[in-house]
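The chains carry the letters A, B, C and D, assigned in the order they are written, with residues numbered from 1 in each.
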Amino acid sequence: MSLTHYLVLAAILFTIGAVGVLVRRNAIVVFMCIELMLNSANLTLVTFARASGTLDGQIMAFFVMVVAAAEVVVGLAIIMSLFRTRRSASVDDANLLKY
Amino acid sequence: MSTFPYLLAMIVVPAVGAAVVAALPKGRDELAKQLSLGVSLLVLVLAVLATVAFDAGGERFQLTTSVAWIPDFGVDFALGVDGIALVMLLLIGVLVPVVVLASWRDEPPGRRSMQAFFAWLLLLESLMVGVFAATDVFLFYVFFEAMLVPMYFIIGSFGGPRRQYAAVKFFLYSLVGGLVMLAAVIGLYVVSASELGEGTFAFDALRQIEIDPGVQKLLFLGFFIAFAIKAPLVPFHTWLPDSGAEAPIGGSVLLVGVLDKVGTFGFLRYCLPLFPDASRDLAPYVLVLAVAGVLYAALLAMGQSDMKRLVSYTSIAHFGFIALGIFAFTTEAGTGAVLYMVNHGIATGLLFLVVGMLIARGGSRQVGDYGGVARQAPLLAGVFLVAGLASLALPGTNSFVSEFLVLIGSFPTRPVFTVLATVGIVLAALYVLLLYQRTMHGPPRGVLLEGGIHGGDPYDDVPPARGGASAATATVTAPAPPAVPRLRVRDLSRRETAVAAPMVALVIALGVYPQPLIELIEPAVAATMSEFELDPDGDGVVPADTEGTD
Amino acid sequence: METVPADGLIAASWLLIALPLAGAAVLLLGGRRTDRWGHLLGTGTVVAAFVLGLLCTLQLDGRQVEVGLYTFVATGSLDVPVGLLFDPLSAVFVLLITGVGALIHVYSIGYMAHDPRRRRFFAYLNLFVAAMLLLVLGDNYVALYVGWEGVGLASYLLIAFWHERPAAATAAKKAFIMNRVGDVGLALAIFLMFAQLGTVSYDGVFGSVGTLAAGTVTAIGLLLLLGACGKSGQFPLQAWLPDAMEGPTPVSALIHAATMVTAGVYLIARSAPIYDETPTARAVVLAVGAITLLIGAIAGCAQDDIKKVLAYSTVSQIGYMFLAVGLGPIGYVAGLAHLLTHGFFKAGLFLGAGSVMHAMNDQVDMRRFGGLAPHMKVTFVTFGLGYLALIGFPFLSGFYTKDAIIEAAFDRGDGWGYLLGGVAILAAGLTAFYMTRLMLMTFFGRPRWEPGVHPHESPPVMTAPMVLLAVGSVFAGFLLVVAFPLEEWLAPVFGEPVEAEHVVAPIVVSVLVTAVMVIGVLTAWLFVGRREVPAAAPVRVSPVTRAARRALYADAVNESLLMRPGQWLARALVFVDNRGVDGAVNGLAASLGGSSSRLGRTQTGFVRSYALSMLGGAVVVAGALLAVTAG
Amino acid sequence: MIQAPDLSLGALAPLLFVFGAACVGVLVEAFAPRETRHPVQVAIALVGTLGGLVTSLLLAGERQVTAGGALAVDGAAVFLQATIAGLGALSILLFAERSLDPARSAFVAAAAVPAGSPRDRELMTAHRVQTEVYPLTMFAIGGMMLFVAANDLLVMFVALEVLSLPLYLISGLARRRRLLSQEAAVKYFLLGSFASAFFLYGLALVYGATGSIRLSAIRQDAAAETGGGVLLVLGLALLIVGLMFKASVAPFHAWTPDVYQGAPTPVTAFMAACTKVAAFGAILRLLYVAFGTSEWTWRPLVYGIAIVSMVVGAVLGLTQTDLKRMLAYSSIAHAGFLLTGVLGFGGGADGTGSGLGATMFYLLAYGLATLGIFAVLTLVREGDGEATHLSKWAGLARRSPLTAAVMALFLLALAGIPLTSGFTGKFAVFRAAIDDGAWPLVVVALLASAVAAFFYLRVIVLMYFSEPAADGPTVGVPGLPTTIVLAVTVAATVVLGVVPGAVLDLAEEAAIFVG
C-alpha cells in the first residue's frame, strides 16, 4: 500500500481529533483528542520522512512526542485543579467568562 | 525680518503657562486666573510684534523656523506664517485674554476647580497657534488632532447639563474627520515620495508637485471631509449646536471663534493649492453645501429656543459664506473669506459672550425666559445689539466688509450661488432681530418677572401678526408704565464691560477701516487664487448655474 | 460734466457727517453724565451742519466737487474709496436734511422733555442725520449702501424707542426686515455693476453704463428700484411705513416723512444715467409710483389714527415723486421739487399732530378729538397751512410741485400719459378728502375728548419750528418753481431744462386739479363735517371702507404669504435637523452598539464553540488561500 | 563521524541569559528557604531579563544564522528579543508588586488547594506568597525570544510550546476570583494546544511539500514551483492559523477576552504585551522569509483577516463593561492594525518595504502602553480584588487625579491621538500599507479606530466628567515596582509620541531578515 494511504489515515485521524474536540464535553477527553491530532501530525511527518528518504521527519516526531508529554503534564495539572474545585471535568460547566 | 522666533514663542509660552497653572496647588484659583490672563496677554503682545515684523510685501511665508523632527517620515517641525495665518494668530491673541476675563467668575459644575479650566485654555491656545503656524502638513495634522483634547475636556468638565454627550459627540465627529484626513495625509506623502524621490510633508514642496487628477480627487476628499466637519458645512454640522450650547461660554467663543476656522483655513491653505484640479472640479458641489448651509442654518437659527444653540446655528450659516468666498476662486472673495474668519470670530465671539452674560443673570438659556431686559440693563442691551448687528453684517460693523467682499467677489464667477446667499442676509436680519426683540424688548417677562425659569417654546412669545398695526390704534403712543419686576437684572459689571469694550471697539474699528488687515491678507490669497483665475474657461460658471438651479 | 477736486469750505464737507456722528458718539458713550446738556449738543451739531451745508452750497455754483477721504476697501480689482460728491443734487438734500433736521431737533427738546431717555433719543437722531448725509454725499454706490443701511438702523432704533411696547418693537423689526429685502436688491445691483463694469463709483458706472447689454441695464435698474421701494415704502414694500408711526412723533416727521423715506427718490434720480438707458425699468418705476400713490390715498381715507392718515399720505406723496422720476428728464426736477416741498409741509403736519397728541395726553384716535381749534391756535394755523399746501391749494407749495408732476405725466403724450395723469388727479382728490376729514375731525365739530383731558397749546420750543415749517410750506413751492427755478440749479446734474411742448395746457391741468381738490374737500365736509362723528369707529361699513381701513390687506398678504410659511418652515427644518440629519448619525451609532451586543452573543463562554469558530476560521483560511493560489 | 553544528554563543547570549535564569529559578524554588525565595526569585528574574535585554542590544546589527541554521540572529530577531526582554522585565516587576494586594501578592498561595475550600480561605488572608511564577515566566519569555529567532519550523513549534505552557499555568494562578482564573487557564490551554496542533499539522504538510522545514529552503522551493502545491498551501494555511491564534487575531480570537479577564492582571499584562510581540515576530518571519516571494499570494488573505480583526475588535469592544475584557477586544483590533503593517512589506525579498520596521515599532509602542494600562488597572481596587468594572471608575479623576491622568494618557495612546506613541505607530504602519497600495484597507482601519476610540473615550468620560459614586473603589498606593513600571511606560508613551525619531531609526535599521 502506498504512502498516500498513510497520509489519508493521518488526515482522518486529525479530523477525528478535531471533531472530538468539538463534540466531547469531558476536558480529559477533549485533551486526548488534541493529542490524537498531534499524533496524526507525527504520522504525517514520519510518512513524509519515509518518502523523502531522510530522517528529519522521524526526528521531528520525537520532538513532538516530548512536547506532547510536557503538554500532558501541564494540561492535566490545570484540568485537575479545575476538577477539584468544581467536582466536574466538563468544559461546558466552565463558562463564567462570556460575552 | 527679525530673528526672534515669535511663532515658537507663541506656542511655548502658553504651553508652559498651562503647565504652571495646572501645577499650582489647589485653591489658588485667583493666582491661576491672574497668571492665565498675564500669559494670554503676553501672547497677544507677541502676536502684535510678529505682525510688526511681518512684511506684507515680502515672500509668502515669513518668521519661519524649521528643525527636523521625525526624519524617517520626512517630518520637520516647521513654522511660518503668511497673511492668512497671521491674522488668525492675531485673532487668537485677542480672543483668549477676553475669554479668560469672561470666565473669571464662572462656577464650574460639581465643585471642580477653575484652575484646570484655565490650564486647558492655555494649552488650547498653544495648540491653536500651532495649527495656524505649521507649514508642515504632518505637523499641522498633529496640532489639528491634539487640539481636540483640551477642548474635549473644556466641554466635558466645565460645560452644561448635557456636556458628556456634547463632548463625546464633538470628539468623535472631529476624530472621524481627522482620521479620514490622516489617510489623505499619508497618501499625499506617498505621492510626494513617488514624485520627488523621497517623501516630504513640507507645504511648499507639496505645492509644486503635479498630482494625477484621480488621486487628487481622493486626497481632496480626505482633507475636505475633515475640514467640512471642523467648519461645519451642512450636513456635517449637527455636532456644533450641541457643543456650542453645552460648552462653557469661554469654550463656545474659542470653539466657533477659532477652532472651527481651522476648517475654512484648511480649505484655503491645503485643499486649493495642493489639489487645484480637484478643487476646480468639485467646487460646484462644495458651493451647493455652502449655500445650502447659509439658508438652512439661518432658518434653523430662527427655530431655536436655546440662545446658545441659536448662535451656533448662525455660525454655521456664516461658515457657509466663508466657504462660498473660498470656492469662488477670486481674490476679492478669498480675501473677504479670510477677513470673514477674523470678523466672525470677533462678532460671534462677542455675541456668545453677551449671551453668556445674560444667561449668567437669568440662569436659563431659553429665549422665552427673557424679555424687556433693555429697560433694566441698557448697557447689556446695547452690547447685545452691537453684537447682533455685527452678525447680521450691518455696514459700519466689521462683518459687513467681509460679507460684502465675499458676495461681490463671488458674483462674477458664481452668480447663481451668490444671489441665493444674498437672500441669506435677510434671514440673518430676521434671526438676530427676533432674538433681540424677544429678549431685550417688550415688557419684562420670564425670569425678570417671577424670577423662575419656564421652558420657552420659540414661538410662545411672538407678538401676534399685525400686532404692530392693531395695537397701535388701540394703545397710546407714550411709554407704557413699566411693570415693576421682582427680580432686577443688573447691568454690566465693570469686569464685563472690560470684556465687551475691546470687542465692540474692534467691531467698529474693523468696520470703518479694514484696509490694513486686507493688505495683510491679500498677497497670500492672491497667490492661492492665481492658479484658478489664470485658467481660461470662465471658471465653470456654467456648472455653477446647473448646480445652483437644482 | 466732470468733477473737480474739492477746494475751500467744501473740502471740509466731511464735517457735515462727522459733526452729528461725533454728537451721537458722545451722547452714547458719555452715558448719564451727558444727560443734562445732551439734547443741546445733539441739536447744536445738526444746526452747525446746516450752517456748514449752507455755506458749501453757496460756494458750489453748479460744480460737481469730489472730496476724497481714505481707502475703505481695496483688493483684487475692487477698489472702494470713501469719498464725497458734493454737487447740486446732494446739496439740495443736505440742506433739506440738516434744515428740517435742525428744526425737528429743536422741537424734540420740548416734545421729549419728560422722557427719561431723552439723551439717547438725541443720540439716535444725530446718528440718523449722519447716516442720511453719508447716503446723499457718498460718491459711490457702496458709500450710499452704507448710509442706506445706516438710516435703516437709526430708523429701527427710533421706531423701537419705546421698546417696552411690543407694538413698537414689532414695528421696528418689521421696518428693518422689509428694508433689508430692498437692500438685497440694492446689493445685487452693486454686485452686477462690479461684475460688468468693474467699478462701483458713480463716475465709473455712469461713464460706461452705455456699453452694457440692454438686459443687464434693465436688471440693474429693477434691482435699484427694489432697494428704493424698500426704503421709500413703495409698493410692494409699503406695509412697514404706517406701522413705523409707533415711533415718537418727531421721528415720524423727520425720518418717515421728510427725509429717509425720500431716499428712494434720491437713488433713482442719482442713477438717472442708468435709467436713461432702460425704458423698461423706468416704466416699472412709473407703475410702482402710480400704484402706490393710489393705495396710499385710498388707505388714508379710512384711518382714524391721525398719524396713520399722515403716514399713508406720505406713502401716496412719495408715489407722486416716483411717478415723476419715472417719467425721465421731464420729471426729475418736478419730483425733487415735490420732495422738498413735501419735506416742509409733511414735517409741519407731523409736528402739528405731535403737538395735538401732546395736548390730548398722547391720544392718537381722531374720533376722540374735535373742536381743538380755539384751544391751540398756533397749532391750528400752522397745521392748517400745511394742510392747504398738501392738498394743493392754489399758490401754496403743493400746488406748484404737484401740478408740475401731473403736467409732466400728461406731457408723455401717449395714452399712458393720460392714464397716469388721470390717476394722479384722482389721487389729488382723495388727498383733499382724507386731509379735510382729518382737519374736521381734529379741529372742528364738538369735542369728543376723553374725560380729564385739558388741551393746551404747546411750548414755544415746539411751536417755533412748526411756524417756520408752515412758512416753508407756504412759500417753498413758489420759490422753487417760480422765483429760483430748481431746474436751473439742478441743470448740471440733469442737463439743461427742456421746454416740453405741452399736450395739455398747464392752466387746464391747474384748473382740473383745483376742481378735483374742491370736490374732495366738499365730499369730506358732506360725510364728516355735517354730521356727528361717532366716538367709536362704526363696524357695519362697506367692504371698500373695510379694505381701506386695512390698507388693502397688505399686512394680511405678507403674513399669509411670508410670515406664517416662514415660521412653519423653520419649525419643520428644526425637526428635520434633529430627527433627520442628527438622527442619522445617532442612528448609526445606535446600530453599531446593537450589532456589538448581538455579535457579543457569539462569545458564549463555551470552549467548544470557540474551538468550532477556530476550526471554521481554519477552513475558511485554507479555502481562501487555495482559491487565491489556484485562481 | 558527526561534527557538532556551528553554534555562536555570542549570538545566543540573550536566550542563554533568560533560560539560564529560568533554570536557576527552578533550583532556587527547590532549595532556597521559603521566606528568602521571593526577593531571590525576583532578583534572578530581573537579572535574566535585563541581561537578555542588554545582550540583545549589544547584538544590534548582528546578521547570522547559527545553531546549525536553526536560529536566525538578525536585526528583526534582535530588536524583537530586546523588546520582549524589556517588556518581560517590566512584567516581572508587576508580578513582584507586594503593597497593593492585602495578602501581598497577586498570585495564589497554593494553586493545588481547591478554590473555596477552608484551607483556601485561610490561605487567602495568610501572607504566604508563591514564587514558582517567576521561573515559569522566565521560561515563557525565553520561549518568546526563541520564537522570534526561530529559523526553522520545528524550532518555531518547540518555542511556541515553551512559551505557551507556562502561560497556561500562570494564567490560572490568580489569588482572587480563582474560579475565573482556573477557567481562563483551562480555556487557554485547550484552545492553545488545539491551535498548536493545527500549527504542527501545517508543519508536517509543509515538510511533505518541500522536504524541508528550514525557512530559507521552503522559500526556494516555494519560489521554484510557482503557485506551490496544494500541500504547501494547506500547510501555510494551518501555520497561519496557529500563529494568528497566538496573536489573537479574529477569527482566532475567541479565547482572548475570557483569558484576559480571568487571568491575574499582571499576567494579562504580560500576555497582552509580550505574546503579541512574539507571535507577530513569528508571523513576520514566516511570511516574509519563507513565503515572501512574490509568487506567494497570502496577501489577500491577510488583507481580509486584518479587516475582520479590526472590525470585530472595535465593534465588540463598544459594549464591554469590564475593563480587562474591553482591553482584550482592543488588543484584537490592534492585531488588525498590526496586520496592515505586515501587509506593507513591499514584496521585497527581505522586507524592503517599510512594513517590517513599522510593525516592530508598533509592537514596541503597543506593548509598553498595554503594560502601562494594565498596571493602572492593578491600582484601582475594591474589597480585596481589582475594580475592573467600568462603572466603578466613575469620577476617578476627582478621587485621584494622577491615576486618572495616567490612565487617560494610555487610553489616548491606544486610541492613536497624536503626540502619543500610539499615533506614531499607527502612522508608521498605515504609511507602509498605503505605500504598498493598500489604501482601502487603511481607510477601513481608520474608521475602525474611530469606532474603537469611542470605548476608550467612554472611560475618560467616566473618570473625568461623571460625579464619583459613593461606594467608589480605593486607589492603592503603588509600591516601588509598579511605580517603576508606570514611570517607564508613561515616559516611553510620551517620548515615542513626541520624539520617536531615534527609535524609528532603530526599527528601520533592524528591519532585516536573514535566512
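As a working rule, a contact is a pair of C-beta atoms (placed from the backbone, for glycine too) under 8 Å apart; a residue touches a chain by one contact, two chains touch by 3 or more.
Bear in mind that the values here come from a model prediction, so they are computed numbers and not experimental data.
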| item | value |
| --- | --- |
| Steps needed, at minimum, to go from subunit A to subunit B via contacts | 2 |
| Chain pair that, of all pairs, has the most C-beta pairs in contact | B-C |
| Subunit A and subunit D, separation of their C-alpha mean positions in angstrom | 25 |
| Chain centre separation (subunit A, subunit C; CA means) in Å | 97 |
| Subunit B and subunit D: spacing of chain centres that average the CA atoms, whole Å | 45 |
| Centroid distance [mean C-alpha coordinates] between subunit C and subunit B, Å | 35 |
| Per-residue overlap in subunit C, given as positions that touch at least 2 other chains | 600, 603, 605, 607, 611 |
| Multi-chain contact sites of subunit D, meaning residues that touch two or more partners | 186-187, 190, 194, 198, 257-258 |
| Subunit A: positions in contact with at least two other chains | 18, 21, 30, 91, 94-98 |
| Chains touching one another, given as label pairs in label order | A-C, A-D, B-C, B-D, C-D |
| Residue ranges of subunit A in contact with subunit C within the complex | 18, 21-23, 25, 30, 91-92, 94-99 |
| Residues on subunit D engaged by subunit A in the complex (per definition of touch) | 111-112, 114-116, 154, 157-158, 161, 165, 168-169, 172, 178-180, 182-187, 189-190, 193-194, 197-198, 200-201, 203-205, 207-208, 211-213, 257-258, 261-262 |
| Subunit D to subunit B touching residues, read off their complex | 398, 412, 415, 417-419, 423-424, 427-428, 430-431, 434-435, 439, 442-443, 446-447, 449-450, 453-454, 457-458, 461, 464-467, 499-501, 504-505, 508 |
| Partner subunit C, residues of subunit B touching it in the complex | 234-235, 237-238, 296, 299-300, 302-304, 330-332, 335-336, 372, 374-375, 378, 382, 389, 394-396, 400-401, 404-405, 407-409, 411-412, 415, 418-419, 422-423, 425-426, 429-430, 433-434, 437, 440-443, 458-459, 462-463, 465-469, 471-473, 475-480, 482, 513-515, 518, 521-522, 526 |
| Residue numbers on subunit C that touch subunit A, as the complex places them | 600-601, 603-608, 611-612, 615 |
